[in-house]
Amino acid sequence: MSLLAPQEPETTAQHAAPQAMEPRRTHGDMGPLEVRARRHHLIDVGDLDDDVVQRMWQRAKELQQREQRGIGTQLFGTLRGHVVATLFFEASTRTRLSFELAAQRLGALTLPLDVSRSSLEKSESLVDTLQTLAAMGATMAVVRHRDNAVFSNLGPQVGLSLLNAGNGTEAHPTQALLDAYTLWQQLGSLQDRVIVIHGDILHSRVARSNARLLARFGARVLLSGPADLLPSDAELAQLAGAQVCAFSDAIPQADAIMCLRVQRERHERAGLADAAVLRAAEATSFLHAHGLTQERFERAKPSCLILHPGPVNRDVEIEGTLVDHPRSQILQQVRNGLYIRMATLEWIAGVLP
Amino acid sequence: MSLLAPQEPETTAQHAAPQAMEPRRTHGDMGPLEVRARRHHLIDVGDLDDDVVQRMWQRAKELQQREQRGIGTQLFGTLRGHVVATLFFEASTRTRLSFELAAQRLGALTLPLDVSRSSLEKSESLVDTLQTLAAMGATMAVVRHRDNAVFSNLGPQVGLSLLNAGNGTEAHPTQALLDAYTLWQQLGSLQDRVIVIHGDILHSRVARSNARLLARFGARVLLSGPADLLPSDAELAQLAGAQVCAFSDAIPQADAIMCLRVQRERHERAGLADAAVLRAAEATSFLHAHGLTQERFERAKPSCLILHPGPVNRDVEIEGTLVDHPRSQILQQVRNGLYIRMATLEWIAGVLP
Amino acid sequence: MSLLAPQEPETTAQHAAPQAMEPRRTHGDMGPLEVRARRHHLIDVGDLDDDVVQRMWQRAKELQQREQRGIGTQLFGTLRGHVVATLFFEASTRTRLSFELAAQRLGALTLPLDVSRSSLEKSESLVDTLQTLAAMGATMAVVRHRDNAVFSNLGPQVGLSLLNAGNGTEAHPTQALLDAYTLWQQLGSLQDRVIVIHGDILHSRVARSNARLLARFGARVLLSGPADLLPSDAELAQLAGAQVCAFSDAIPQADAIMCLRVQRERHERAGLADAAVLRAAEATSFLHAHGLTQERFERAKPSCLILHPGPVNRDVEIEGTLVDHPRSQILQQVRNGLYIRMATLEWIAGVLP
């Protein structure tokens, strides 16, 4: 990825670079708030040191505890002066609202771009749009896009910090951060824990970012799903030691099972070969062939947790009753998502404690 | 309605219930602000004691007076820390903006869900969507829906307070509160006042909520309109003593005439039998057959007020010049709507003075 | 224009007028904030004295400098208590966001009306919509509309301040203010400077407002473009001394060249006769026939600036590389737009220093 060297702290030279590439700024100004904004980007979990990840988890926990003790939203002003633009080229109300609320709770203003109808989008390149938003005062852009290469195509001159809210089948770092945080909260540690990610691994950016992040904290990641929805051996080799495993073999070992959404839209778009899978999904016979049913879940350990990134197709990838199971973390994931995104925005802004 | 027992104060046991039903909350947290939020719902005017209604009117008056004295918006922080989601499954810019502005003026954040395009809506049940919003930090949801049964189908486990912004033909409590407030402001008291509600009563949630509320404060409610747009005798019996009356007989008795909007969309959807009514409406001959014309209004008392919940179809249900008549309260209703909704949100949050 | 007499200070009588025309306000209230809001309108640059324009430029500069010194957004509270509605009957994400952000940065609340889907728009006249917004608490409305006559049709009774964000081919005053501010910043003074406005002058409100404003500060305005996209002699006579000139003759004299966007939508809507122009534009051969190419720009003075109101069609009206040229002011214009709109909102509110 051309945007930044992961793990490497930004040097003064790197900070200066975007300015040097924009000679048109004859007044030496850097836009409203760029001067103060540390130019961090979050494209995938590799952009974050282990130490940073752990500080984010601590911060998420602290934010949550402060709110529970009744200390109101308005006390968090750590992002005051920031303007967070959201550009969702793939619709996702859930993730977009979570980011916007996180930003507002920290005192930032939000600039939600209605990408489907924006004249920016129609007539301009993404670089031009981002530069325009930066000139307008945006200090960060939260971008979701169907193209894996969307960020690597950008180059360093965009003038604001980029936050990946999901690119193609490649990465979804805040989802991985909140999933790992939820597991860490519940399990105490990820060391040697067995996390099963189940379903359409092939098309899932959630699976990829999770596999990369969980392995770094010592978890064993097992991937399972219908044969034609699993990654190739070549890709597996890059996925930080994650192993493919039959679902029936994975279940009894699991400390947590993360079900993935069957992404019908994506399948249809990709013209996926195995139409039988799709038809099965639509008939909910996908559930009985591949989903997490109550019957299958009975073979798991009594402490095994259930996760799902949402939105859930009840009775497709997971039996409806399991969504509401005592060990389901699904709403807890949504709740944690808010605090993890607040911590992420603080890191981007250079103010994460 | 299954949601709450109207008029009954919520007990500690009721407060605890949602938590008991969500065993997945292993950390004992109740979401960001639920701890502080009293779990009130407003589904119809029956959920409010007479005493609460009067406190709302007093509060609306006080808010309005404080603003007129130049004490700015930013002084009201009674909803700080709250997040108000709006879900309008039927479009209504006017009502949605009024709620969002009311929330923001009291210091709350707003989460406007674009329901027509939300992936939440498409793939999830309303319960799942509301639980997700609650997990994200929303403490209240303002819902408009075409289905009369939308709230009774929900059950108690939604995790936030519900505020009905209009459900089917059943209820629209904040509209009734603001209409009654406007009449109370202008007439001093509702006792023995004759309020004529005129037009398409059959499909009007505004008429139903108003009939129920006005009667409680001693008003005589007369319902008039085209014969096939009036409620059945069976329904009338439930409408708190409201009586059907010919418009020509009602006018001379009226202290106020509330005209209802001809809801063409709703008629079309319902496949309403009497197509003649519709065609007439479109040709504005509805006005002369059934509407409030200047000629008809001349037969009213000199003090008779004109109300309309808006948006107005000028020269359909009411002659355009009457909209701008000195005794028209139509803009005053919009103005009062803001303050009534502020007071309503404060009641929901448990902070109404 | 019926709305206000340009340059004439509003008298007490004028202030009282709207109230007198709205006798339905029996309580003597003027809506939440009208009491404090000075009722200024900005329909075109003629509504602003030279002195006001210069105070706006000074204020924009001051706001920009304060932010650069690290004094945060949240310190500007000059619009606290105001509610700014935006009604864009023609889509323009860029301008709408710039206004909304400017309002929020000054502490105002914003009411963005989704005009394409609003029930207000469908069933009501613009006057009714504006009066409703005013009753809801809006103190200003930022309006973009395709109709030249949209404001002159309104009359004085709308109950809030109007801010023209572009009407038909007539005027776009904040764009002219920010363009002139950018030139003033860069050139020190506009006196005797040659400003070339190039492209589709005929359909351009940007060209018209700029021609009127720049001339007032002593600039010589040259208009160039394809023959059938130039204004008639009759119109030219009204454009404050602006002269038509061949592009090749204009370039060597120019202190700045302002390229206009080829507005394909507008051409199509107008059924513009010269379809060849359109086809050429689409094939980017428009660039070579009429656009600002690097080759043409080499004939300009070494200090000549490049402006464009955006969004840019790269390689249609301007060669892509010139957009990123050291003397391009295009992003600077966006940046200045924010501060100019902040100053404009302050003037409307009667609090411009």
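By letter and in written order, the chains are A, B and C; residue numbering begins at 1 in each of them.
Criterion: a residue touches a chain if its C-beta (ideal position, glycine included) is under 8 Å from a C-beta of that chain, and two chains touch if they have at least 3 such contacts.
Everything numeric here is computed off the predicted structure, so don't read it as measured data.
Enquirer: Tell me whether chain A and chain B, two copies of the same sequence, contact each other through the same residue numbers or different ones, using over half shared as the line for same.
Expert: Counting which numbers both chains contribute, under half are shared, so the two copies meet through different residues.
Enquirer: Working from the CA atoms, figure out how many degrees chain B turns to land on chain C, in steps of 5.
Expert: 120
Enquirer: Cα centroid separation between chain A and chain B, in whole Å?
Expert: 39
Enquirer: On chain B, where are the residues touching two or more other chains?
Expert: There are none in chain B.
Enquirer: Spell out the residues on chain A that touch chain B in their complex, using ranges where they run on.
Expert: 64, 67-68, 70, 72-74, 91-94, 97-98, 101, 104-105, 116, 185-186, 310-314, 323-332, 334-335, 337-338
Enquirer: Using the touch rule from the top, collect the residues of chain B that touch chain A in their complex.
Expert: The touching residues are 22-27, 29-33, 35-36, 77, 80-81, 83, 107, 109, 111, 113-114, 117-120, 123-125, 128, 131-132, 134-137.
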